[in-house]
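These are the structures, in structure tokens.
Two complexes follow with chain A in common, the first pairing it with chain B and the second with chain C.
Here is the complex of A and B:
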């Protein structure tokens, strides 16, 4: 049992859960009243949209790319949800489906022209922000009632966020890590040439992963508008960096298609809690992003330590 | 004879950026009926200067090969600007000391960045991203959200013009020329290019890969520090979001300027062409009287369009 737990592979897998547990325990220690349904609900309120954005980023990272436009994209989805999806649901749904198609097309463009994803998505971030400003020039709009109802649903036992996060993490885990096609998708990040030689179309894989990213981005925007009730084009810009941090924190690696959906969701929750943790410590909110950076560095350092023990161990 | 020379000229990868800048400029003055042609060019030179300064550092980093990129430039600029302005405290006698402090701030961030890359063995994107969180937080905590005024002498120097040409632009043209010589004529510069083309071959050829990469990340951060300092003088003080737009700018000028994103081929003159192009583009859209939304959409679309046309060369 102990040998199994202390094996580097398992340790690495447990690291995201461990970081989340450490920060939760620290918060409960500082503020015991947070250890309640209401307290947890407040703490994890914004975790779901961040988790979705993180999963979107993870899809892109799986194929060795990086999406620097996801924050602006989520902001655009929020603006569409607060206007069209509320007033004219049909148009709203068509526009959101169009967004996913654009994401798929981006994947095709990046693959066919062999473009650097960083530059393309950074350019797209301007595109989305501009579209969002056209849809909603000033902050406002209104969340559709049904989204609001889902997001504020009082689940029995623990807050809805926890159920939803667990369900989505498990679903993506099964899809990407346990299915045959999931293995091919990840393989496209690990060894594209051999995947291609095995008869799979790399183009189709890239389009699939980018479209999936677009889909999770839509979910992120919809869940965000359900929580904030009114929209703003700039509302989610920080999600870009947050989502990258979440993927890495969750055990994802930058190359080789090594990703962990469950870890990514846990990583997103850890980053969400980091802000509350600081305020409980009475540290100025100036240090909030700094703390997120520090958590990232500490977790990466722990991972190095684990990897070193693995290297030393006779196989 | 002449056609030969023209052909050689058109084979230079940087020519397209200058052609683009020229076209946009002509479109703008055609719209205004020739009015303000000189002023627009003068302003473009002034603003392009800052993109070029950070672009030089980013170009060296990107030339190191795939995966090498410095995402901490905006945070470093803000940090160096805030620290130097606060210490100088509007005293003219401290102008040189301020410059040294700003450069030292940059160097410190660069050393930290490379330390993370080396010790944690993580990709540069993640290392510079995590450190940018910490650096940005430090800048916020240190600057306390105030706009810290520059000493008058620095403000005068950075906004001075000789016959409409900004003095700072002349200095940075000189700096770019020096960095071009460093890149193509020194052991260090040639090492950067060699590592970008094939790190293993560079290693076997006896190049100190570790030291070269270290020096390059420090160089990039020092450039960001320099940019933070002169931009503080130019824009009337160090503010907390002054670096924000330079993440895209630093990457875009490198890519549009004809430097290979895959590394190994750098292009200094292109930085100026691309920086002028980017500024003139925004000016043109402004003068056409477009709203912020449309302007952003077009900026994004043009960046993606340019990279689609310019990139895609399999290197």
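Here is the complex of A and C:
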């Protein structure tokens, strides 16, 4: 049992949960009143949209790409949800479905033209931001009532966010890590040539993963508008970096198809809590981004230490 | 072979060109069921290209690949026009029961052993796929490599190289629904130890005796002679010999691989060793070998590194480079892998040449652009880089001219020692002749060259040739003692 727990592979898997636990305990220590239904609800309020954005990023990272447009994209979805989806639901749904299709097409473009994903998605981020400003030039709009109802639903026991995060993490885990097709999708990140030689279409895999990213981006935007009630084109710009940090914090790696959906969701929650934690420490908002970076560095350093012990072990 | 054997695959006049390079030059080949076909040949003889075409990962430029099932009875094949129309691709190769174990490892390191098995078999699905895939690959591993000690849920990236190779081989032999007819093994034993290699070869024999067929490519001639029924010898993209294994001996195989003796008698006449006087400029052991033959290079010498590719030549070049750089010697490297190690892709030709001599182009601490221009223009003349303007992007040049620019970078610098890492890869013959000429001139002028090459002809330009095998120097041949026979002999010797 001890040997099993201390094996680097397991340790690495437990690290995201461990980081989250440490931050939670620290918060409860600083502010015991947070240890309640209401407190947890407030703390984790914004975790769900970040978790969805992180999963979207993770889909792209699985195939060795990086999405620098996800924040602006979520912002656009928010604006669409607060306007069209509220006023003319049919048009709203069509537009959001179109967004997912555009994401799939991006995957195809990047694969076929062999373009660097960073460049394409960075360019797309301006496209999304521009569209969002066209849809909603000034902050405003209104969240559709049904979204609002879902997002403010009072679940028994613990806040709805926790149920929803657990459910979505499990679902994506089954889809990507346990299913037979998931193995192929991840394999395309590990060794694309090998997957191609086995007769799979890399194009289809890329389109699938990008469309999935677009889908999670839509979920992120919808859950975000449900919490904020009104929209702003710039509302989610910081999600781009948060989502990348979340994936890495959750045990994923930039290349090689090594990802962990459960870890990514835990990573997103850790990052959400890190902000509150720093506020409780009375660190001024000016320093918070730096302090978040420090947390990231500490967790990644721990991972390096674990990997080193693994490398030292005889095989 | 019994009378019941049937053709599995038939190649008719298959050709394959990579730009100006002709990798396959009209190959006719039949593979019968129940036979193990050995393929031997020197580097660049076209073996791997042939395998890629059979496995469907590359398509041929001309000719036809046809299968038994295509032409009904298998006796018809003829013009090949009836089947040549259809593109031969990976899925079709799989449907025909053809599997290939490629030379470089091609498993996904981030997936487990079982998941890698599933990637090859789309038919494994449903709720119990994991169990199914584990059983499939473990049973095969047990069958081929008893006592392997590999778990189905081990991530492949955590396995040793030998274990990965074993998984990949076992995976190629697994069967789900389409019957397996032909397994192609390209250097399968390169990272296996002798005992495991024996297990594999025994399995190949069992598989073949049960009616399957196998293509075995190996540089270990004993392996080929022991295991194959028939052996073909490839040279310069052609099949030059095709006999039953019993008709070959080690000696005759080596002879068949060599090309016709060149008229190099008169070149050898002019040979005078430059080793009589002075100390060697370079003197190094291959990494991982501290005794035995040393690599030495004297002033004005052209030293060749020969042997099969990947046997330690690049490593010793890197070692010499790092050692000499630490000692502040002036030296330059001409990379063979242009795209990765050679050109700066967004720079102009001029900048790509000037980067080799930045220190000499300084004026008051700043880069003297006029001097750079002069340097580049003078080399454009001398080495005949075909471009209207040296300010053009380097990628506007053809591959051969890019390589010339890399030579100009090295020759234009003040380096006394120039290392070359198989620099003529994919360069056309005309350019080659021009560069050989330059190398000889520069050597006469007192420069020292260490030249790793995979081409036998280029060794004739060298004063001294070191043949590498398994990371060590297997032979040291002076120009007057150099024959292709000896190089091949040394490259292939000492197989387990």
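What we mean here is this: the second predicted complex is superposed on the first by the 315 of 315 C-alpha atoms of A that agree within 3 Å, B and C clash if a C-alpha of one lies under 4 Å from a C-alpha of the other, contacts with A are read in each partner's own complex, and residues count from 1 in each chain.
Note that in this section a contact is a pair of C-beta atoms (placed from the backbone, for glycine too) under 8 Å apart; a residue touches a chain by one contact, two chains touch by 3 or more.
If you're wondering where the values come from, they're calculated on a predicted model, not measured in any experiment.
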**Asked** Overlaying on chain A: chain B and chain C, fit or clash?
**Response** clash
**Prompt:** Which holds for A:287: it touches chain B only (first), chain C only (second), both, or neither?
**Reply:** first
**Asked** Is A:18 contacted by the first partner chain B, the second partner chain C, both or neither?
**Response** neither
**Touched chain A residues, chain B compared with chain C** = B
**Request:** Using the touch definition from the top, say if A:258 reaches chain B (first), chain C (second), both or neither.
**Result:** second
**Asked** Can A:184 be said to touch chain B (first), chain C (second), both, or neither?
**Response** second
**Message:** Per the contact definition in the header, classify A:118: touching chain B only (first), chain C only (second), both, or neither.
**Reply:** first
**Message:** After the superposition on A, what does A:194 contact: first (chain B), second (chain C), both or neither?
**Reply:** second
**Request:** Within their complex, state which residues of chain C touch chain A.
**Result:** 55, 57, 90-91, 94, 100, 102, 106-111, 115-116, 118-120, 122, 124-126, 129-130, 133, 155, 158-160
**Request:** Report the residues of chain A in contact with chain C in the complex, numbered from low to high.
**Result:** 9, 178-181, 183-184, 186-187, 189-191, 193-200, 256-258, 315
**Message:** For the complex, give me every residue of chain A touching chain B.
**Reply:** 66, 109, 113-116, 118-120, 122-134, 137, 241, 244-245, 248, 254-255, 284, 286-294, 296-297, 300-301, 303-304, 307
**Asked** Touching chain A in the complex: which residues of chain B?
**Response** 67, 69, 116, 119-123, 125-126, 129-134, 136-138, 140-141, 247-248, 251-252, 255, 261, 291-304, 307-308, 311-312, 314
